[in-house]
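What follows is subunit A paired twice: with subunit B in the first complex and subunit C in the second.
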Partner chain A sequence: MAGSVLAPVPASTAPAAKSRVRRSLRSRRTRSGLLNGAPIVVYMLVLFVYPILSTLFLSVKGVHGGLTLHWYADALSGANLAVLLTTLRISAETSLISVVIGFLLAYAVSRLRPLWAGLVMLIIVVPHFISALVRTYGWIILLGDHGVVNSVLVDLHVPGAPFQLLYNEIGVIIGTTSVMLPYTVLLLYAVMRGVDRRLLAAAASMGAGRLVMFRRVYLPLVAPGLVNATVLSFILCLGYYLTPALMGGARQTVVAALIDDEVMKQNQWNGAAALGVILLVLTFAGLSLLRLARAIGASARQRGAA
Partner chain B sequence: MRSQRGSGPGAGALAGSGKSLSVSGLRKTYAGVVAVDEVSMEIEAGEFVTFLGSSGSGKTTTLMMIAGFVEPDSGVIKVGRRDVTRLAPQKRGLGFVFQQYLLFPHMTVAENIAFPLQLRGLSKAEVRRQVGQVLEMAGLEGYGRRRPRELSGGQQQRVALCRALVYRPPVILMDEPLGALDKKLRDQLQTEIKKIQRELGLTVIYVTHDQEEALVLSDRIAVMRDGLIDQFDTPRELFERPRTAFVADFLGAANFLPGRLENHTDEHSLVRLDHGALVRARPHPLAPGHRVRAAVQPGRLGLCAPADGFCTGTVETVTYVGTLVRVGVRPAGAESPIRLELPAGRAPVTGEQVGLTADPGDVTLFGDEEGR
Partner chain C sequence: MKEPRIDRRIFLRGVGGVAAGITATSLTGCGTGTSRSAGAAAGGGGGKKTIVVRNSGGTYGDANLKAIYEPFTKETGITVKVVNIEYAQMLAQIKQGRPQFDVIDDSMADFVLFGKENALQKLDQDRLKNFKGAGIANNLVTPYAIGKNYWASVMAYRTDAFGGKTPQSWADFWDTKTFSGNRSLQSQDADLPELEFALLADGVPMDKLYPIDVDRAFKSLDRIKGSVKKYWDTGALPGVLLGRKEVVASSVWHGRLDALIKQGQPLAYQWNGARRQSNGWGIPNGAANTDAAYQLIDFSLRPSVQAHFATLYPMGPVVPAAYKQLPASVSANLASSPEHLKSGFDLDVDWWIKNQDAVIKRWRGWARG
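So, the complex of A and B:
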């Protein structure tokens, strides 16, 4: 490893650097550090680097050998493109709704006394530890034509009831939102607990009403949490498979389901690999977006300062 | 208010903008424990009033009730003629400087100070002008673009003061605003606060447990103990005519000399101290024979030849504190030394036999049972 790192170093400095490496290799700390680090390096190589590299390779491998972008062209056209767009749409809808609901929930919890807050957080988070499959079937039972929700609505003579709440986008969004909610609530709750309520008192002492207090003091203080929660649930949603598959219809096919279909039914590994790489890129894009948002926030603050 | 502010070219033009404040029968209990017990006071417009008291005496709670952050169990609060007891904090038109500064971390210094002005709908240019003006007054020119966390504690404190002063609320409440600062900065900011308060004619209610600070700043001081005001008076009155032993002790750490009331003359009460000396004091209504404590401030005692004083003793300690010298004199047979504060030039030497003098007007008697 050391050699490859040193390779591009200009000749004049190379000997010095080499001797530094040799010296540090001789030190006990470096050696035991390498020894301790080795399992993790091996672990990462085997479980992350190798699969990703082989997926990348698969996605550009032609049927008769050689390199090709055919699989990407395929993944980004026709029905496959529609699936990709559906995935993005469902992820966006889910992340927005779960952030809005998460905000209201987290705010309500953050206003409770610590004991009650802990209890409510437990109630919100515990379902997360139940198998997603079980939860999804739970929703299917609740939301069916003769499920609890529709029965109640019918009994209440709500016009239009029973509603179609399953095997369409509503069903998928209900399902995915319930999966993402614990994340957004946890993230937002942590940020909200950190907000110094006395800042609001300070604003009030200067004559700020509730709306101004919220808009000019509270919201800016929790904004980083909102951005984090939105991006996180969006990214988690991108690769989510189970709920859309079970609670959606044909028009809610997501990329993950498409990959499953290509591998399991069509034995089409190259196309699946291309789709996987696209998901990976989208995830990284989401993360970079987060970085960008933070940078913009910081520079806006700097500019506000200027 | 806005037109007044808009037209005022400088601070001087606004002198006398403070409002009077009246509090009566203010009371607050927390789960049965009394935090503030029947506090009543009338504060005049433009007056600087300090709540002075030990920790837990109810100063903050009283201030919070006036500001509207804590709801009183009973009592009435009036700003000017207006009853604000049931009003939300934002509708009371007061200013508040918190001990912890509480600057908005997501805003710059200038934005923080602009906040209350923007709430009042001032034009951008006007906001900028007034922010610049107040920053200059606080010696913070050039700091407008910084974030609060990029400032030192003292600078943050000054920004907090600016933010409360900039919109010229008729009454400003300050809860130990200088508590976290070092001595030098405190002195400097005390002067600034006092100057601004005078120039704008603001009514200020100030909380501290530093008696020196209270004496420097205040027109009147309310000495608080256990949720009650022991005495509400000018600093001079508090010093010269403390109404309770607690007040005498809290302001200047008086000497308490135990003794027995011997008799009354026309002008004085005579007390036989336990170690034998006879001292003349301000008249006290108790009958002769009662046990009393004679309180006298260290700074009000003087030295003289052993034969000339009301009592004699041996100089035990001499400590220089700046231009003053603290001297401990123990009369024969006394349990503890009597503390004196003298100009450094008049310092005795340890072991010297000296006499003590005191003006009878500076010696206040308290019945023995009076709590401290």
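So, the complex of A and C:
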């Protein structure tokens, strides 16, 4: 491969590589592997790679043909930039809160007996099967000015009650957090189940206090799960549309809603494509952040081992 | 309930529909031919005539079936079939030359767009017996379309919210001192922004609304913005917001609160300053059964049929004579009753078609700012 880039090609490498390919093609395993993989490759090419490429193309296509970055400039300025920043802020807040709550929940569940743990997990996951629309209307009944939460707060004479918990950013965060919670809890629960409790016992036997045990032993062990859960809920949030629309106000417009608007109302596919590509890039950025965090974690562990 | 709204939304989505229309053509084109020929074969084979009507379905479609299609079949022997496709798909089929439908029941605004696309046949009014002298409003008679039923956006409020006072106008709606409490207005996601209400609140007389002074309308909207808790984007939401006391007054598609009011919720409509729109009939180019289409349109314009429809569904007749056959309790709840014709106004479809892109863009920026 590198041979084609370097000017003076060493005579032997190219044919060698070619014959290696041919040899591996002759092996039955490779052939059956390719055969089995072909349908899914074609499927992905047609339904995934092609649409993404055409979206990319749409996002740089000028009105009168030719290439332009106009749509990106448009997406990254003025009201659209504000929408993008709102989306990032809502996603960050949601992922942080849902990881913190998810951590506490998952920890509590991981300490329960299996039967109870299963029951609690069921309670956490089942609301996920209810239609998002129904769930969101449920939130209106709970969080409205005369909803359950505010009625209780008013009855308890909490100063400042009733609070506005809907049609603003608080409402959106409550809604999206509840949607993301099952993901973070499931992820963290799996990691916590894998933690070897004997390590904690060993730390305790060596005189570590609860706080030290948690900070120096437990947290490093579940850290990869925490990072995964944070990034996952952040990415899921980036494209989330329904809850912000139903539980937020006009100021909580998110990028996904903007894309819907541009395609459905304004017939502005180029602008929508640019916004879509920006979301995609942000997702990739999130994923590579995950990679980076893992690499740092791994190197730290190596250093620790050495 | 008000399914016509749905195709309004789709119409907004399809506006300008050039790019969308073209892509849709290539997608739906193949399907069209087969369904048309299947329908024709079925119709021809039985030796019976069939007509295919497009409407927006739902309870609106049910009411049409009971009040218009079934009696029409009984009288003429022509079977009525229904399709519920949306603007872009209709346009694609017409452009392809063989639409699967013979007559379209849609919003008057969509017919303006169809007209611009040269997708409709010019209506020959001489073929409509019940049209002549029926007194259908001029703005509901265009070269390509003819009105069918009125609907309206009206004000709704909680009767228990203002200590016995009743908001009489949009100026009262805007007056958050006398009528304190949260408001809700329609989002541009649902239908055309309610600039007219803002102008009425600012003192513009009802007959001077158009052409809309957009700057003045937004300045007026600025004054109510702080009290608007939520811009509703689905027809059901005003009912939820009013019912849960989240807001005390809201704009609403008339008819949407009927069920809640029947349950005894303290809600009421205010017809002053209602914004009327209408559904209509049109015949697409390439329709296979133009004669039957004219027959059906003519049938639907009979005062008795118009009245029957209004008793089944809260949309107002376009033929004034129909009101003679309606009990007062029903006409009091219709957008085109003699009183409501005076207390409300007609949305100017032409102005909106020309200006909606710019207005919607501005509205969006305004709401988010």
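Note that the second predicted complex is superposed on the first by the 267 of 306 C-alpha atoms of A that agree within 3 Å, B and C clash if a C-alpha of one lies under 4 Å from a C-alpha of the other, contacts with A are read in each partner's own complex, and residues count from 1 in each chain.
Everything below uses one rule, namely that a residue touches a chain if its C-beta (ideal position, glycine included) is under 8 Å from a C-beta of that chain, and two chains touch if they have at least 3 such contacts.
Owing to the predicted nature of the structure, the values given are computational and were not obtained by experimental measurement.
Partners subunit B and subunit C fit side by side in the overlay (superposition on subunit A). In the superposition on chain A, A:Pro220 makes contact with subunit B only, not with subunit C.
By the touch criterion defined above, A:Asn267 lies against subunit C but remains apart from subunit B after alignment on the C-alpha atoms of chain A.
By the touch criterion defined above, A:Ala202 reaches subunit B but does not reach subunit C. In the superposed model, subunit B and subunit C sit 150 degrees apart as seen from the Cα centre of subunit A, a figure rounded to the nearest 10. Residue contacts after overlaying the shared chain place A:Ala295 against neither subunit B nor subunit C.
After overlaying the two complexes on the shared chain, residue contacts for A:Val42 are found with neither subunit B nor subunit C.
Applying the stated contact rule after C-alpha superposition, one finds that A:Ile140 touches subunit C and leaves subunit B untouched.
When the two structures are aligned on the shared chain, A:Val212 is found in touch with subunit B, with no touch to subunit C. For the pair subunit B and subunit C, the model built by superposing on chain A gives 49 Å as the shortest CA-CA distance. Comparing which residues of subunit A touch subunit B with which touch subunit C, the overlap is empty. Remark: subunit A residues 196, 198-199, 201-209, 212, 216-217, 220-221, 301, 304-306 touch subunit B in the complex. Residues of subunit A that touch subunit C in their complex: 79, 82-83, 137, 140-141, 144-147, 166-167, 245, 249-251, 253, 261, 264-267, 269. Of all the residues in subunit B, the ones that touch subunit A in their complex are 67-69, 88-91, 93-96, 98, 100, 102, 104-108, 111, 115-116, 119-120, 145-147, 163-164, 167.
The part of subunit C that touches subunit A in the complex is made up of residues 12-20, 182, 187-189, 229-231, 233, 240, 244-246, 357, 360-361, 364-365, 367-369.
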